[in-house]
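Could you have a look at this structure, given as C-alpha cells, before my questions?
Just so it is clear, A, B, C, D and E label the chains in written order, and each chain counts residues from 1 on its own.
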C-alpha cells in the first residue's frame, strides 16, 4: 500500500513535469495549428541561455538573486528573439500550408536551434540549482519509511498549475484568445478578417518560449542543462495527445494520467515482462485513449461534415 | 524547345496511360537505368573516378538505394494514403528481425501445448521477402487504429508502434536468438549459391530489388487501388460516399507500405549493416524517412528518390566540405554548422515549395514547355 | 427514353427524425422518390435538406424512421453500402479529391466496378490492364458528355468552381447509380453554366433513366426541371407536390419563397 | 609521404557529447605529442582526421567508410568509442583488414582473437568489469561467502552496451548465491523515477550502474532523492568520470566506480603534453581538463595504438603500415612495467600483454570514490577471474564463428 | 465591342478620387499559371460596382489581389498596381487593409469551424478599437439581419448548414464596420428570400453609411439591379464595362448573362446543345 501510494504520487508528479513541456506544444498548436516539434529544443535553448548567463554573472560577483533575475531576463530576451526569427523566416512564409508541412518545418527549426544553442552556449552539462532537489518523507507514522515526495516535483507541479490556470483564462476569456483559435482554424480567413497573424504568432511563440524557460528551470534543476533535455519533447507527446492537442487543462490531465499510468506499469508490470516498458506504455495508453476519443480527452471535436 | 510534347500524339488510352507518356522522359529514364545498372558497376570494378575507393558505393549509394526503397514505402502510406506515420522505423525493424529469424531458423517452444513449432533456416532471399510480408501483417494490425484516429493524432499514435518494437527487439531475447548483448549478425548473403559479398554485388542486389519494387509501386499508385488511397487522403468522407471502403483502402496502404519498408529494413540489416541492434531503426530513422518523403514530394514515387538522396547526402556533404576545403574548424563546430545549415535548408525548401522536389520538377517541366515565354 | 410515369417507388423515407444534441434537424419526415423522376427538395437555409441526403446515403444515422431503397429497408447503413446499393451524390461544398486530376477523380468513381485485386494491379498487365482500359473508356464517355475533355489532366484544386462541380457530377455518374443525389449543383454558377448543368441533368435522366433527387435554391431551375417538389422547413415537410402546386402553397410562400415567383 | 593515417571517430555533439569530447581530446593530444616530441613514430608522422558520429551507428559506418582508405596506407586502426558502431563494424573491419581497438568496451567475446582477429578489446571487457565489481563488493562485505543471499541490482543502459555484463553477472550470481536483478533504463536515461522507486522498495545491497552520458548523473540524483546510499552504488568505468558526478553536486559524494586501470590525475606523460602540445598552443581542450578521467582514457587508448604500430614497425620496417601489418603489431604488443614507465604512464597502467588467443591483454581494475571534488582510489588491484570468463567467451565467440561461417585461427600455430 | 480603356468611371457622385483603383494587374499562380492578364477597374467612393463573369474568369483572383491574400495561395501580382484609399495595397498586410476599412468576404463559406457562430461574428470585430457596447450593438444588428443566426448563435460553426455559414461570414465582415466590402458570391447557397435580404443590406449600408462595394456575383440580375457600375471579366481580361443599367440593356449581356434573349425566358428544360464560350475574345 505504502509503495503503491508512493509510486502513484511520484508518477503523478513527474507526469506534471512533462505537462510543463506539453504546455508549450498546446499553446502553439492552439494558436496556429502547428505541431511544434521544436519545443524540446526550445527548452534546451532557454536552459542553456539561463545557466550560462547565471554562471557568468555569479563569476563576476553579482549576488545570487540579482544573477537569477538578470539571467532569466537574458534568457527571456533570447526566447523573444527566437520567436521573432521563427515567425519571420519560417512559419510566417508558410502561412496557409497544411499541418504536415508546418510540422516538418519545425523539425528543421529543431535542428537549427540545437546546432545554434550548442554552438553559442556550449555542449557540456551545466548544473542548475534553482529548486530544492531533496525529498520529504510524509506519513511516516502510517507507513514504514514514509512516503517519498520529491520537493522538486512539488515545485514543478505548483508552477505548472499556475501556468495552466493563467493560460486557460487567457484563451477562453480574451479577444486575443478567440483570435488565436480563429487563426488555428483557418489562416486565410483569419487574414481576411484582419487578424494580424504575424504578430499573433510572434506572441504565441514567445509565450511558448517562456513556458520553455519555465520548464527549463525545473528540468535543468533535475537533469542539469544538457542536450538530453531535447528528448523531453518525445516524452511530452503522449501527454499531449491524451489531453488533446488543443486543451491547456488537458496538458495537465494528460500528464497526470501518463505519469501515474507509466510508473505503475513499470513498477508492477515491468518486472514480469522485462522492464523498461514505460516509454512505449505511455504511447500505448495514448493510443487506447484515442481509440475511445479520437481528439484526446479534452481536445476540440474533429469536425466532419459534408 | 527541348521539352515539347507537340507531335507526340497518343492514339490509344493505353499509350496515354504509360508510365512516361512523353518520350523525353522515357529517354532520360533509360539513360539513368543504364548508368545505374551498367555504368556504376563498370566504373567501380575498374576503380575509375569517382569510385576510387569503396566509399561512394558503400557509404552513399548503398544506403541511398535502401533508404529510397523505404521512402517509397513510407510515401505510399503518408503521401498517397495520407496516413501520417512516425513508425516507419519500427516496420523496418520488423522486416529486419523477421528476416533474421527466418534465415536462422525459427523455433517456438509451445511448452504448454506440449510441442514446438520449428522452421528450418530459409534461404536469404525468401527470408527477406517473408520478412516484408510479416511487416505487412503487423502493419495491418497497427493500421486498424487509423480508422478512427486521424492526422497528427495518428502520427503520434504510430509512435506507439515505434517504441513498442524498439523495446520488444531489445528486450525479448527470442528475437535476437538469445544473443547476450542483444546485437545480432546477419547470415551470409547466399543467393542460390551465389554469395553476395563485395560492395558492387551488394549494390546490384539492392538496385535490382529497388527497381522492381519501384515499378510495382508505381503500377499500384496508377491503378484503382492507388486512386482509392489518394481519395481517402484528400477527402475520406467523400471517398466513402462513392463506395470506397476506408477499411480496405487504409489497410492495404498500411500493408503495401509496411511490406516495402520491411523489405528495405531487411536489406538495411542484412546488406548494409551486417550486424545491428534496435537503435538502427529508432525514431530518428522514422523521422528521416518522413523527411525524405516530404522533401521529395508527397505522393510521388520519383520524389522519394530525390528526397532520399537529399536527406542522405546533404548532411554528408556539409560535413565533408569544410575538411575538403581545409577550413580550420573543429569537428564540433562543423557538426553544429551542419545542423544549422541542414535545418535551414529544410525550412527554405519547404517555404520555396511546400510540395517538395516533385512539384519543383513538374513546375520546371511546365516552364520548359512554355519556354521561352515565362508563362 | 424516360420512364418517368411508372409509379414504382425507388426510395421511401418514412418518419425520419434526426437530432444533434439540442438541434433537431429533421422531425418526422416522410417522402418518396419514384423511379425515373427528378425530385426536388427545397426549403430555407438550415431546414434540413442536406441532412436529409446525408441520412439517405448513410452518412448520418436517423434517430427514428426507416429508409427503404429498392425494396430493402435499412436502418444503420454505412455510406459505402449505400454507394454499393446504387446511390451516388454530389456535395454542397465541393468534395473532390484535391490532389488528383479530373480524370483520376472520375476514375475513382468506378471503384465499385473494379474486379482485379491488389496483385494484378501491381503487375498491371493482362486482364488488369484490360480492365483498366475498359474503365477508362467508360470514363472518357462521361468526360465527353460533360464537355470537360480539355481539363482531364488538370489537378482539380486548380479548377474554377463551376468546373469542379461538373467533375463532381462526372464522378457520381461514373458510379452508374440508380439514384443520384445532387446537393445544390448550381450554386455559384452563372446563367450559362446553369443552363449547361440543367442540360446534363435532364440528359442523364433521359438517357440513362437515372433517378435524381435535387436540392437547389434557384427556383427557376427547380420549377423547370423537377417532376415533384418536397419542401422542408425547420426539419418538417411542409408541402409536397408538383412544382405548380408548391409554388402556390401558402405555407411555402410564407416560409421560403417570399413574394410569389 | 612518411605518414601513418589514423582516423578518429568521435562525438562532440548530441546526448553523449559530454563524455565523447574529453575522450577525443585525450586521443588527439597524445597523437600530437608523438608528432611534436618525437617527430612521429620512429619518424613516421601521425596524420589524423576526426569524424563526428554523434554516437549514431549509421553515421559511424559512414565515417569509417570515408576514412578507412585515407593516407598513404589507409587507416592504421579504428576506435569508434561506441559499442553499437563496434558491432556494425566488426565484420567490415575484418574484410578490410583494419584492426578495431575497443579499449574497455565493445563485445566481450571478441577477446578471442582466433575468431575475431581484428578486434582488440584491450584492458578489459564488460565481463571482466562485472567480475571485478563483484570482487569489490565481496571485499567490502568481508568475503565471498558473505555474498550469499545478498541482493545486487544492475541498473543498465538498455542497449548492447548495457546488456553485455548480464550473462557474466548471472554466472556470478549462481556461483556466489546472491540475488541478481537487472533493471533497464531506456536511452538516453533521463527518466529513472520508477526504477529508483523500485530500488527504494527492494533495498538491494548494492546497485551496479552501467550507464553512459546523462543516465549516470541522473542515477546519482535519483539515488539521492530516494535516499539510497551512494556508497552502495558502483559504476562501471564508463560511469565514473567527472561529468557523471558534477551535475549531482554534493549528492554524488560517496559514489563509487570501477577504474579501467587508470583514473584521473596527472602523470609524467601529462607534463610532456603540457610542454610539447599545450605550450605551443596546439592543445585541444582547456588545460584544466587535462588529467580528467575520460581525457586520460583517451591518451591511454592512443598510446596503445601507437605502441602497436611501433611494434609492427619492428617487423615491417619504419614506414607507414597497412592495417593488416598494424594488426600484427597489436597482437604482439607487450608493454612491460619498464616500458610503461618509459612512456610516462607509470602508476596508471599495469603491464599489458596481448596474444592471439587473448586480445584483452590484462583484466585488472581498481575502484575509486567521489569525494565531492575529485576521484579517490580506494582499493587495490583486482584481477578478473579468467577461469570464469574464458568458457563464456569461448562459447559465445564460437557461436559467432558458426553463424558467420568463420574458420577460427589456430593460435598455437601463429608466430 | 470591347471597351478597353477604363476611363474615369461615370458614376454621378463627386469627382473625388475613387476609393479603389486597380491598374492593369497581372496575376500568376505557382510561378507558371497566368490568371489575370491586365485587369483594371475602379470603385468610386460610396459606389457599388459589380464584377461579372463566367467561372474561372478571375473574379475571385481579382478580389484576393485587392485584399492582398494571394500570397498565402502561392499567387503573386506580377504587374500593375492597386490603390485603396490612396495607399498602395501591395505594401500593406491584409490586416492593415482591414484596419483601413477594406474587408473581404471570401467565397466558399470560410467560417472558423471550431468557433461558435457568435465567436465567429466577434472575430470580425478584432480590428475595432471602440467600446464593447458598440460591438454588442453591431452584433444585434447582424442578428436582426439574419434571424436564423440568432437561433444558432451558440452552435459550432462547422456544424451549421451551408447557408448558415454563408450568413455567418457575411455577418462577420459587417462586424468590422468597413468602408469598403469586397463581396465574393454573397448569394451562393442562400434561399431566395435571404438573397434579397443581402442585397437590401448592401443598398442600406451604401445609402446610410456610404460603404462602397465590389461585388463578384453570378446572380447577374440582382447584381446589375443594385450596382451603379459593372465590369465583365472573361478569361482574365475585362471585356466590357459600363453603367449597370446600360449593361443590363445590352443585347449580348441580356442573352448571355440574363437569359432573356428576345422577349421570354427560356425554360431550363429546353436548353439545346450549343457552344458560345469566349465569344468576346474570338
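Basically, a residue touches a chain if its C-beta (ideal position, glycine included) is under 8 Å from a C-beta of that chain, and two chains touch if they have at least 3 such contacts.
This one's a predicted model, so the numbers in the text were calculated from it and none came from an experiment.
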| item | value |
| --- | --- |
| Touching subunit D and also subunit E, the following chains | A, B |
| Labels of chains that are neighbours to subunit B and to subunit E | A, C |
| Between A-B and B-D, the pair with more C-beta contacts | A-B |
| Maximum centroid distance from subunit B, chain identifier (CA atoms) | E |
| Centre-of-Cα separation between subunit D and subunit A, whole angstrom | 37 |
| Geometric centre distance via CA averages, subunit C-subunit A, whole Å | 48 |
| Computed distance of Cα centres, subunit C from subunit B, in Å | 41 |
| Rounded Å distance between subunit A and subunit E, as computed from the means of their C-alpha atoms | 44 |
| Interface hub residues of subunit E, defined as touching at least two other chains | 33, 159 |
| Per-residue multi-chain contacts in subunit B, two or more chains | 167, 170-171, 237-238, 241, 332, 335-336, 339 |
| Junction residues of subunit A, two or more chains touched | 118, 123, 274-276, 279, 305-306 |
| Interchain pairs in contact, sorted by label | A-B, A-C, A-D, A-E, B-C, B-D, B-E, C-E |
| Residue numbers on subunit B that touch subunit C, as the complex places them | 13-14, 17, 216-217, 219-220, 222-228, 230-231, 233-235, 237-246, 252, 256, 299 |
| Subunit A contact footprint on subunit D (complex, rising order) | 12-15, 17-18, 21, 158, 182-186, 188-191, 193-195, 197-198, 200-201, 213-214, 217-218, 221, 224-227, 243, 246-249, 251 |
| Interface residues, subunit A side, partner subunit E - complex | 95-96, 175, 178-179, 181-182, 184-198, 300-301, 303, 305 |
| Complex contacts: residues of subunit E adjacent to subunit B | 28, 30-34 |
| Contact footprint of subunit A on subunit C as seen in their complex | 50, 54, 59, 91-93, 95 |
